[in-house]
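Let me give you the structure first, and then I'll get to my questions.
Order as written gives the chain letters A, B, C, D, E and F; numbering starts at 1 within each chain.
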Amino acid sequence: MNLVTRKKLEIFVEAHALSHVERMLLNEGVKGWSVFDGVEGAGAHGAWRQSAVDGGGDMRLIIAVTNEPAAQKALAWLKDYFSDYRGLVCLSDVQVLRPERF
Amino acid sequence: MNLVTRKKLEIFVEAHALSHVERMLLNEGVKGWSVFDGVEGAGAHGAWRQSAVDGGGDMRLIIAVTNEPAAQKALAWLKDYFSDYRGLVCLSDVQVLRPERF
Amino acid sequence: MNLVTRKKLEIFVEAHALSHVERMLLNEGVKGWSVFDGVEGAGAHGAWRQSAVDGGGDMRLIIAVTNEPAAQKALAWLKDYFSDYRGLVCLSDVQVLRPERF
Amino acid sequence: MDIFGSVGSAAAANLLTPAILFFVLGMVAGLLRSDLAIPEQVAKTLALYLMLCIGFKGGVEAHRAGLSSELLASGALGLALSFLTPFAAFALLRVISKLDRTTAAAVAAHYGSVSVVTFAAASEYLRGIGVEFSGHMAAVLALMETPAILAALLIVGGNASQGAHNPRRGALLREVLLNGAAVLLVGSFVIGAITGERGYDRLEMFVNPLFQGVLCLFLLDMGLVASRQLAMSPNLQFNLLAYALTWPLLAAAIATIASAQIGLSAGDTTLMAVLAASASYIAAPAAMRIALPRADAGVYLSLSLAITFPFNLLIGIPLYQAAADFMVR
Amino acid sequence: MDIFGSVGSAAAANLLTPAILFFVLGMVAGLLRSDLAIPEQVAKTLALYLMLCIGFKGGVEAHRAGLSSELLASGALGLALSFLTPFAAFALLRVISKLDRTTAAAVAAHYGSVSVVTFAAASEYLRGIGVEFSGHMAAVLALMETPAILAALLIVGGNASQGAHNPRRGALLREVLLNGAAVLLVGSFVIGAITGERGYDRLEMFVNPLFQGVLCLFLLDMGLVASRQLAMSPNLQFNLLAYALTWPLLAAAIATIASAQIGLSAGDTTLMAVLAASASYIAAPAAMRIALPRADAGVYLSLSLAITFPFNLLIGIPLYQAAADFMVR
Amino acid sequence: MDIFGSVGSAAAANLLTPAILFFVLGMVAGLLRSDLAIPEQVAKTLALYLMLCIGFKGGVEAHRAGLSSELLASGALGLALSFLTPFAAFALLRVISKLDRTTAAAVAAHYGSVSVVTFAAASEYLRGIGVEFSGHMAAVLALMETPAILAALLIVGGNASQGAHNPRRGALLREVLLNGAAVLLVGSFVIGAITGERGYDRLEMFVNPLFQGVLCLFLLDMGLVASRQLAMSPNLQFNLLAYALTWPLLAAAIATIASAQIGLSAGDTTLMAVLAASASYIAAPAAMRIALPRADAGVYLSLSLAITFPFNLLIGIPLYQAAADFMVR
């Protein structure tokens, strides 16, 4: 297998910010991502669970495999964003096929 | 970016054990986690799929980014737990902003 | 903790191909996996969101922790598969307990 | 001959109701591996709705009828059946099959406990052929869910505390006594019994005309799930299969005789037989996963869900009704 | 004495309706940590269904009644209450509690805004005791959702633009004006007002007989969510608790007097009081999370959802109705 | 003039029904980027419910009417339209647009296949204006889902076997013949035809009074999805747009003439025209994703979902009915 190393961003954000963050990813050159719904969680602000009330408070996970420069730009933006809003981002290395896609 | 390395736990547990494991995480010093619903899977005990019957058997994924000592303590507990119950845990390195949060 | 290194595959595939890919995993010697539902995403073919229409187009994430040879065989198959169909796969190292399970 | 004839035609009539046919549709679609599926959250809600209706209507009727000695007798019989039959089932399973103690006990728990949907289908069957039954049978249904689980734990005894996770006892107790389905069933019964006629007037349109339709949808889902479970367990031992098809008859016979003995009506006797014959596939697996994680879930789910459930639904219900009719009249 | 007696017996009657009892069931199940749960997607749909029905039925009735000056007066009063009461609530909170400015403003926004389910329960209560009210109160409900949120932003002033993410202003405006619930409520009202009797004939069976049942299910879920929220906030300050129990009385009193002043009927006066007394837990939190992310969500959710909502549902509604009856007659 | 006038007023009346207005509400909310959304699992269930009702009611009516030669003629016509029109659509698309062969074939498959919701809306329209139609048109609907897909595969020919994943042929066949929607539609039809009047009595309250309401909710969702799809495809070629607006007229005209020729009633003729004019957006995309993964999904979804569906719903249905009325009378 011809594998090359790329960066994987895992971004946990509140539901209300999802499209905001997705727009940023597009702007910063991230070419693809997938979003997953969290069902519950806990953190510095206490615990939460998905429900029909309390709009916007549940967390989504955005997974984006991308190249190093785009990842760095997204991180810079997110650093700022997370100084106001809940959530976190983590970065790791992954091996992918078809490097040109990322 | 000022990134530091932390540990990411990915814990697959049966639905019935979710709150049990979450309490453990809290006790062992893990400061935050997020939970996701699996829709189907397979393993040594055969295949399963989410449904309205067979309560408690579907798997949840707990993602927790944390520091090394807390991760080790959680792993020790989980090793024991998984000797009785279904599921698995895997550990990897991730880079995060704001290290003090983990 | 007695941790050993194994491979984690994260496979993003369209819903219609899920059972096709799962059968392959079984054939190639992957002993376990878990599947998660994406809610939206974007890529080279544009953006998508889960809905009651447009059957088969939403993405699933298959997470499979496995040994190196099985991972390589799955990757070879997927390389081929992804030359026709949408989706991607990424590979990374994880630490696990009970290595014999993978 | 006369009896067989009438059972046969009753069974045929039962088979041709929409609810049963939707179950068959689900089975067929599942066996053909169609991607037909009721989304999980909706299916769970349909199950809750059935609980709510059964409990509430039962409560309202119990309010009408008042506290009768019959209720107490039925309740006691139900409790006894649920708690005692698992011991017999366990012994039988150990003799006829090679199941380990733990799995055999878990299977016995499933058969001592009950299936709400089988109960619902039986109620509709009785309604369809004009046989009356008491509202408080919904309470008996609720009473029979958990004693079987306790019996299984007694059977396994010390072995139950497998591994180091005994703190899970709290979780188990909560699961057994406070599982969502049981709470909703009992709660709705109590609400029906409190609000009586006035409450019924408000909810009649919600709990009555929709019930048949929701039952159809849920049975469609059950058919899909049962056939999938069947496909996942290709090599069930023949003896286990025989168990799953004959134990219901045995349990129903015992329940029928005992019900007739304590003077229940033909309708109530039928329902008691149905409860005894039916096996749980929601509450019992949930409890077993916590209490007996080493029991083989493939076995107990396949038997209760993929064999006994269809058997009772398609053949058992009219049979038990005919037997009750014969015994009580 | 006479009044107290009748309020008491009305409250008791209110407490014994299925809807209220299902809420209590949810609270109890939640406090006992049962795993009973209405799946999230279904619960969200139930909420949408309630919006649709309230809006549509209100629109149809407004179509029947035509545009009256009463509608304008009610709407103006509702707007005023929603926009002005947050300033008073904020001032009060700052005096009696140690909440920071931002959190106090967020709490004030919640209490100025409204709870659709409380409104629905009050409508059913009025229907149950035979008190008439205007269809256009559904429009007043819609009007009162957002002014309170704007008021909170005014209160916080410059501080609102926390951090560098001011581009979020667009998101906020969209959230406030175009949040799903509001759009469906207003849209259904308009559709009801356009299609009138003809539309009602087509949808009657959908919006009417089911409503009670769906309300029961949703209240069951609210009970579960409220008790969970309560469990998550063990150490609420006493003063905040007192606020959450007395502010509704205050707001209801003001609304009642003002409504009587402008000549609303007893039914409309009751609903206006209910709207003023109720606190939002869907639209307001969503807006606050965007606009005031540093406000403590634990505080505003606990107060509105876990304290004020049950209080209004169980005690407030019959009380406000009795007061309206007294004032208007 | 007379005809145009009556078409116009019929269209206006159609536009002012709740179902259509909820679709418009969804479109508007979507274009304004409101976060209004019907949760996905619920929306999928609403679609299944519509299938179940259409199939079941059709089956019951077919049971009443018995097997007629008309049914065979309608079925044959439907099959022919579904299988043959894609060849014409493909040829046209290749001439007027720059679509590659594969995408053009995929689009043709969508337009040869049918839209269940358009059919449902048309049935309700006919019911609303008192025009009768046959229950077996539901069977024709089912028959028309898949031939168009096979036609598209024939058109693409050898090219269909793109890449190395020909084992997918099994998946494709299963998807085409056993997709969930089709199975439920056909299964419910058969169940209705088997149980007839007796079955209808049991399910009437489930399949009838709720239908309108569920259709409203589903159309609301369709409006949201269609406007989102529109927003995602900002630069559709003008020629494709023109195709999506004129092809339905062409197909409806052919279907109307052929239906009149074989002697169908005005109601059945209308529905045949609606089926011919409507484009699939559930079954066809699912099949195309498997069979022709290189076709541009953005194109076929935008045309069928965001252009043709609203066009048929808002303008097409009353138009086709007027034409059928004119041709058949």
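By our rule, a residue touches a chain if its C-beta (ideal position, glycine included) is under 8 Å from a C-beta of that chain, and two chains touch if they have at least 3 such contacts.
As the structure is a prediction and not an experimental result, all values here were calculated from the model.
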| item | value |
| --- | --- |
| Given chain B and chain E, the chains that contact each of them | A, D |
| Same or different contact residues where chain F meets its copy chain D, judged by the half mark | different |
| Centroid distance [mean C-alpha coordinates] between chain E and chain A, Å | 34 |
| Cα-centroid distance, chain A relative to chain B, in whole angstrom | 19 |
| Euclidean distance of C-alpha centroids - chain C vs chain E, Å | 45 |
| Chain E-chain F separation of Cα centroids, rounded to whole Å | 41 |
| Sites on chain A at which at least two other chains make contact | 36-37, 39, 92 |
| Residues of chain E touching at least two other chains | 38-42, 44, 175, 179, 209-210 |
| Complex interface listing, chain F residues touching chain C | 38, 40, 43-44, 46-47, 162-165, 167-168, 171, 175, 179, 218, 221-222, 225, 228, 232, 281-283, 285-286, 289-290, 293-294, 297-298, 301, 305 |
| Residues on chain E engaged by chain D in the complex (per definition of touch) | 16-19, 21-22, 25, 28-29, 32-42, 128, 208-210, 212-214, 216-217, 220 |
| Chain D to chain E touching residues, read off their complex | 39-42, 44-45, 48-49, 52, 56, 174-175, 178-181, 183-184, 187-188, 190-191, 194-195, 198-199, 202-203, 205-207, 209-210 |
| Interfacial residue positions of chain A with respect to chain B in the complex | 10, 12, 36-44, 59, 61, 72, 75-76, 78-79, 82, 88-92 |
| Chain C to chain F touching residues, read off their complex | 14, 16-17, 19-20, 39, 45-47, 49-57, 80-81, 83-86 |
